[in-house]
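Order of writing sets the chain letters: A, B, C, D, E and F. Residues in each chain are counted from 1.
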Amino acid sequence: MPESRTILGGDLPNVPWQDRPEGCTRVMWRYDANPIIPRDLIPCANSIFNSAPVPYDGKFAGVFRVDDRRRSLRIHVGRSDDGFAWRIEPEPIAMTGAAPEVADSGHYYDPRVVEIDGRYYVTWCNAHHGPTIGVAWTEDFRTFHQLENAFLPANRNGVLFPRRIGGRFAMLSRPSDWGHTPFGDIFYSESPDLEFWGRHRWVMGRKGGWQALKIGAGPVPIETAEGWLLIYHGVLLSCNGYVYSCGAALLDLDEPWKVRSRCSEYLLSPQTPYECVGDTPNVVFPCAALTDAATGRIAVYYGAADTVTCLAFCHADELIDYIKAHNEV
Amino acid sequence: MPESRTILGGDLPNVPWQDRPEGCTRVMWRYDANPIIPRDLIPCANSIFNSAPVPYDGKFAGVFRVDDRRRSLRIHVGRSDDGFAWRIEPEPIAMTGAAPEVADSGHYYDPRVVEIDGRYYVTWCNAHHGPTIGVAWTEDFRTFHQLENAFLPANRNGVLFPRRIGGRFAMLSRPSDWGHTPFGDIFYSESPDLEFWGRHRWVMGRKGGWQALKIGAGPVPIETAEGWLLIYHGVLLSCNGYVYSCGAALLDLDEPWKVRSRCSEYLLSPQTPYECVGDTPNVVFPCAALTDAATGRIAVYYGAADTVTCLAFCHADELIDYIKAHNEV
Amino acid sequence: MPESRTILGGDLPNVPWQDRPEGCTRVMWRYDANPIIPRDLIPCANSIFNSAPVPYDGKFAGVFRVDDRRRSLRIHVGRSDDGFAWRIEPEPIAMTGAAPEVADSGHYYDPRVVEIDGRYYVTWCNAHHGPTIGVAWTEDFRTFHQLENAFLPANRNGVLFPRRIGGRFAMLSRPSDWGHTPFGDIFYSESPDLEFWGRHRWVMGRKGGWQALKIGAGPVPIETAEGWLLIYHGVLLSCNGYVYSCGAALLDLDEPWKVRSRCSEYLLSPQTPYECVGDTPNVVFPCAALTDAATGRIAVYYGAADTVTCLAFCHADELIDYIKAHNEV
Amino acid sequence: MPESRTILGGDLPNVPWQDRPEGCTRVMWRYDANPIIPRDLIPCANSIFNSAPVPYDGKFAGVFRVDDRRRSLRIHVGRSDDGFAWRIEPEPIAMTGAAPEVADSGHYYDPRVVEIDGRYYVTWCNAHHGPTIGVAWTEDFRTFHQLENAFLPANRNGVLFPRRIGGRFAMLSRPSDWGHTPFGDIFYSESPDLEFWGRHRWVMGRKGGWQALKIGAGPVPIETAEGWLLIYHGVLLSCNGYVYSCGAALLDLDEPWKVRSRCSEYLLSPQTPYECVGDTPNVVFPCAALTDAATGRIAVYYGAADTVTCLAFCHADELIDYIKAHNEV
Amino acid sequence: MPESRTILGGDLPNVPWQDRPEGCTRVMWRYDANPIIPRDLIPCANSIFNSAPVPYDGKFAGVFRVDDRRRSLRIHVGRSDDGFAWRIEPEPIAMTGAAPEVADSGHYYDPRVVEIDGRYYVTWCNAHHGPTIGVAWTEDFRTFHQLENAFLPANRNGVLFPRRIGGRFAMLSRPSDWGHTPFGDIFYSESPDLEFWGRHRWVMGRKGGWQALKIGAGPVPIETAEGWLLIYHGVLLSCNGYVYSCGAALLDLDEPWKVRSRCSEYLLSPQTPYECVGDTPNVVFPCAALTDAATGRIAVYYGAADTVTCLAFCHADELIDYIKAHNEV
Amino acid sequence: MPESRTILGGDLPNVPWQDRPEGCTRVMWRYDANPIIPRDLIPCANSIFNSAPVPYDGKFAGVFRVDDRRRSLRIHVGRSDDGFAWRIEPEPIAMTGAAPEVADSGHYYDPRVVEIDGRYYVTWCNAHHGPTIGVAWTEDFRTFHQLENAFLPANRNGVLFPRRIGGRFAMLSRPSDWGHTPFGDIFYSESPDLEFWGRHRWVMGRKGGWQALKIGAGPVPIETAEGWLLIYHGVLLSCNGYVYSCGAALLDLDEPWKVRSRCSEYLLSPQTPYECVGDTPNVVFPCAALTDAATGRIAVYYGAADTVTCLAFCHADELIDYIKAHNEV
């Protein structure tokens, strides 16, 4: 599969990659040396997961969720030469520039990172009398400029689009509650300036099976000829708790709140020991995807069992065909 | 009390008024012919309550919550010569101008109305895959232009300030859940254009006793020399359900998310038969206040038992003194 | 309205009746001397409500729910000359003939009574390791022969049709839970012999507004030229509990699980003191209807506030027209 | 009924009294001028209820629950010449002598008062990181000496016996939870010194009908020839909340955790407007009983609807006969 | 143990079997090559478990629960020569013959299969506006004739007896709720024709320890000289969810709702990795048993962790002795 | 670290011990042959965990929680020569001497053992119409003399101090509810005689992160020069249930309800397979600690996954320094 007909951006020849194993027929497959980051890579860490690498300066940088041994939720900078082996900063990110009322929220988790016009924007689940979407930017992964929170509580899983839509910044998010949130649909919002947000639109909701309880956007949407490729998580409530799986949909390029196709099957569900056993059993939680437009290779970073960081792979064309073949909007 | 030292706006000599009854020592007292609007004033109505009059064209107009006999939640225009006797339009308001995705939500309740620069803005609890704040404006109480919803769900009790603050529109609201919401604090948000909202700030939360479960803004804040006078509702959870009472606080004029004083006592709690018996027993829910700056007279419109519309009265100076004397921020 | 075009049975010239009050425009109106049975008509009674009169021997007899002063739930025989004034037996009904495993359940409530082929069948909410539908018959309102319970728990509001359908007995019921049941749809079942039941079909479910939480069949369905006239209760969940109202639908005569029309508005909701105040505030619960085919008069017996027994009236033709005019299936 | 055969103490010729009304056949009947204390007898009061008078100095004194207009829970001293008309102190009781860790709990409610050896002991629902039983004593109803809390949280309805049992102080109480407690049995505990408590014994639990959810001791037990006469409250959970009624049992004189008889019927349930409408609808909550041994007259003080204070009456001999006649242990 | 004194039917010399391991003293032991069916034996499968083989045509056939990768619940036919190695059909069973109102329910799970008079009857958890018991029959495991659902919702774990009792078909089932059902007793019902059901009797309920939350019938009851041998599942609620274990009881042969003995200990609880880790951790769920009357060998098929299919073994005589030795009815 | 500067008692040269592994930097580390007791060490056992060894007669004895195969909760005596290898008695402990009302409670779990003045006191979670703290003593680990239960229900995790404080026995405990208790703080109580308890004081509550839901005392507090060293468990609520970790604090020696320092980090959280997989996944539950004052060695016995018994180790001085370095009171 030397060339992809679909991906419009993300030209990344050094995207982390491992070919599909012999005999495997799945559209997405795991890296065979998962997890790539163990829970205790740095001394303070209880767990390192739900994290967001991006290409940076010919190599890779990213923002990583590191819960410390108080089980406080923090985000740290990480760096890598190849996207597989990571060095995580020992200290959490200290933001700068926020209004005093919203700074120092004490909670930072489930970050996503996207480059727009040369700046790297970080969104994460922040706290301001309830969970909401924090927004910051950096140019060097050293200084992070915190902006206003995007929304009122309660909200989680805020994910920016990689470019303006209709001239405005655009974000997916999932209105939530103050706890473990036994519901959840994906909404779309726009902003002229990343400070004020509006034009809120419902995008899609739960839909039975692996996504019967709630859903939330995963990696930054990937622009393709067929629409925005949205990899997302869906949750099923078993009698023993939540099960997080990974699925995908295609959103309209111009009006992304319109779903063009949505894969009825999950792409990845918790089946390995490192996904089924850990601080939260049975969790596959994708937060980032790196793509190579030329080959259509996509590397998906996901947290497993709320404990470790893992990699999975797919081909863009195959995935889009699969979504359309299993479409149930 | 011929002159008020405090109120800065709302010059309304014909404000509805009845003097404090003999022997009454309360800072707020009920109209003795309550309710002013019975539940079945118009044929389709199950109940008429939680409504919002404003001065209009020398007389009065307003937006009224009218639940119909399907128990669907609708808002209707009402008109009055004196603020006591009301004529309610038989048909609900039909909004115009909204994007198709957010129009025709099917739920319209708990409206507030405020004049800003000659336009009358209505905010209400709207539905868009969850409760949120609808916004519309009218100049004639005939055509209502619906704007974008202010926030993502779930939100209720959105109340605009009567003028721009720091050059921006400002709104109080209460993030909620999808049901009867057993929690709730008041937040503050700003908008340059009533389309995009941000700079969200927590204002105040529950505080024991009559406001131990949740609170929500009531009438449009009243500008005074001592700050924004905010009349609001607080809720206590008894073993037999919610009890809604009416209280008050003073917010900073320039930074209204800063509470200057907050009255520890309720001003009005459900004690009369029309407040204690009805579709929802034990509810006093203030939604509008008319003021006369010269005399300091304030007339508060409130819904009782989610069934009928009532009036209560107070003097601005007395109330402000009372808040400060019973202050517990 | 001397003649009714619709009712096919129930020729009862002495049906209890009071004309619609002057000025009233409602399709169903209350008896002005409600309640007809006070809570303490007999010494042991805590309350008398949710009861089921039928024409009997030229006068009236019926089965009445009488909660005693232990708040145990019992059913008693009542008798009346005119349908307004009732004599309730001081002792509860003692059933005979049941298998020992299901006899003496200890719970008897919300009875319905219907004559089929000269026997008076009673259905009620019985207990057998959970609420279920008890069935018995009498010919004299003295000896009651208890049959097998119709269903496995949990079920309530079992109501027999007044004749066989397709050659079989037919019953509406509402699958429930073991407590106050915050959900509930109406189902239809058939039996060749009143002992074994099957061919279960879903009929209709909750539908927003006054019937948003659950619904349940009320009086025995009334056969009309337009279908089975089903008067039923619907429940809305307020923040202060359940509100029970009365509504109506028309079911297909031959396949009664098919709803032909359904009135979107309630016919009666709790609005009077005797409906709003009592052991369970805000309850209107219809359990029986007497009809006069010649005039179309319908007298509806309903429990109010789970405390007393009341009467309301309507015309069959008017009601059917009203259902069709406000139809939302 | 000039002489009682049963009551062993409480010689109080001036016990408040009103004969049973004509035609009434109930074993307990209401005072016809209820409520004796309105909700706003003193200016700060939101409600005055669940209160505990005792004979004092030839007249009457007592401790009254007065919720203020913050809906904070406080106890005040009250005095009366005749037990009907009361003067309530405008300021709450300020306790003295408690260890700093447990003083100033901020919650004082549902007091009981009993004289033992010339001291008047007050028990109430106190707060120490959860509800528990506060204990204090006074000799003059001016200075109240606070002792240690009797138990760890969560506990409510602590009621002392009027004399030592087996040489030790004895208390009934009801282990609870931190909220509205949807369960609750009565337990018995002993103390050599009112500081340390032990020898805990279960006395009785919920039992269907009016007492199906929970029960709690009411007035101080009354010593009789047939055992300790315990008037208590029982709670039923309706779909619209809790219903509090009043019942009675007889406990063994020497081993009071052994129930000798227990009345299956309630004595009083909420049926009047002042019991059914108020801050908590449908509450009858007895907290004190005054007795005259010579005549067997008993006056029961009870709170109604968590709003006002009321009186009911019964004869000791009649009541004991009634309990035994309706006994279901 | 060459001969069994107890089993009256099920003459199956080729019953799958593995002797008790050295040193094991348990009455039931696992197959050492468990699981016999992996979660992904066929391409569409997410998991294959809770399944029901029967002897068929000298070999084995069965109905298998196969959740697909949408996590939709489906049943498939499987075939085997030896009962260990299975071939599962790639497509789910398509039923025929049901009334349109109840066909195509969309949910098919937890099947049981039993031969009665040469027909193989399948019961499963079906959906008809709630979970209920679907019934179908086949003679060739190719065409499945769907009958009426046995009961109204909510019901699960419907299990037919292998012969008529008192001339009627007989079924065990467990009334449930619409979700994960935190309660559940086993009931017995009869039918003359598999269309209409009645004569419902309570059989047994939860009983502490491993079966403290709920119980449900497992394999088709096995007829023995000592009564119907019922292998069933019991559920314990830990702070981390449900734990499903396997136990056994003996029911009266003629009146199977009468429990003759009940083993207080579980026979098998989740202890192996394949039982403790998977889509639902800590689940052992027996659905079928094959027996050889001559030797008393019993092979139990059970689902593990809602993910895979496993085998365990026991001797009939030993098991019956064990039940009686540990009897606590 | 040949000498400890801190521990004041527990001179136990043969304390079980294993040096910190190479490269490990944690203040507490696991025994590398964990678990030391498998779930099925004795035939009746389902699991053996949450257990309490003490030095006894130069060797070791202890009380062990053994859930049997009914999943009934029992305590057994165990003996060991070295503290690693244990022999558990096959029969549960049979207490003697309790009043009949509180004997034979049927529940015995989570024991602690402490020697005071030559007697070995056992406290455990007992049942008396709810969970409470049982107390007994033995001198020979053969005869156990049961005393009165310490408290009214609901309480768990009662832990005695190893000597009198202010002349009285002292106990930590955690008021609870009747189920899995989603809250919980540690309280302190005193008794002159182990029969009557009082002077209850709140010690500390939940505190975010790993101890955000509830906390409970673990081993008997260890007397040190810096205060009572309290090793305790804290619980976090994930979307898949409770996670139990182990932490530590220092309490004032004379007023142990005053916390001197409290370690913000956990010492041990469930990370190994035997802690993450079992009857209750993700549980580390410390119940006993053996100390050697000369060397400062501490051996902590803890239950893992509510299934097996494990050992961990730390140095007293290091631990106390760590607590103080990470102090967040």
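Rule of thumb we're sticking to: contacts are C-beta pairs under 8 Å (C-beta built on N, C-alpha and C of every residue); 3 or more make two chains touch, one makes a residue touch a chain.
Here the structure is a predicted model, which means the values were calculated and not measured.
Asks: So which chains count as neighbours of both chain C and chain F?
Replies: Neighbours common to chain C and chain F are D, E.
Asks: What is the touch distance from chain A to chain E, in steps?
Replies: 1
Asks: Superposing the C-alpha atoms of chain B on chain C takes a rotation of how many degrees, nearest 5?
Replies: In degrees, rounded to 5: 120.
Asks: How big is the gap, in whole Å, between where the Cα atoms of chain E centre and where those of chain F centre?
Replies: Here the centre of chain F sits 42 Å away from the centre of chain E.
Asks: How many angstrom lie between the centres of chain B and chain E, each centre taken as the mean Cα position?
Replies: Chain centroid spacing, chain B to chain E, equals 60 Å.
Asks: Among the residues of chain C, pick out those that touch two or more other chains and give their numbers.
Replies: Expected reply: 240-241, 277, 281-282.
Asks: Answer with line, ring, star, complete or other to describe the graph linking chains that touch.
Replies: The chain contacts form none of line, ring, star or complete graph.
Asks: Considering every pair of chains, which are in touch?
Replies: Final set of chain pairs in contact is A-B, A-E, A-F, B-C, B-D, C-D, C-E, D-F, E-F.
Asks: Give the list of chain B residues in touch with chain A in this complex.
Replies: Residues 99, 101-102, 128-130, 132, 148-155, 173, 175, 177-178, 183, 185, 187, 189-193, 195-202, 205, 257 of chain B touch chain A in their complex.
Asks: What residues on chain C touch chain D, complex-wise?
Replies: 39, 43, 46, 68-72, 180, 240-242, 277-282, 306
Asks: Please give the residue numbers of chain C that touch chain B in the complex, ascending.
Replies: Touch list, chain C to chain B: 25, 208-210, 212, 236-241, 243, 245, 264-266, 269, 271, 273, 276-277, 281-282.
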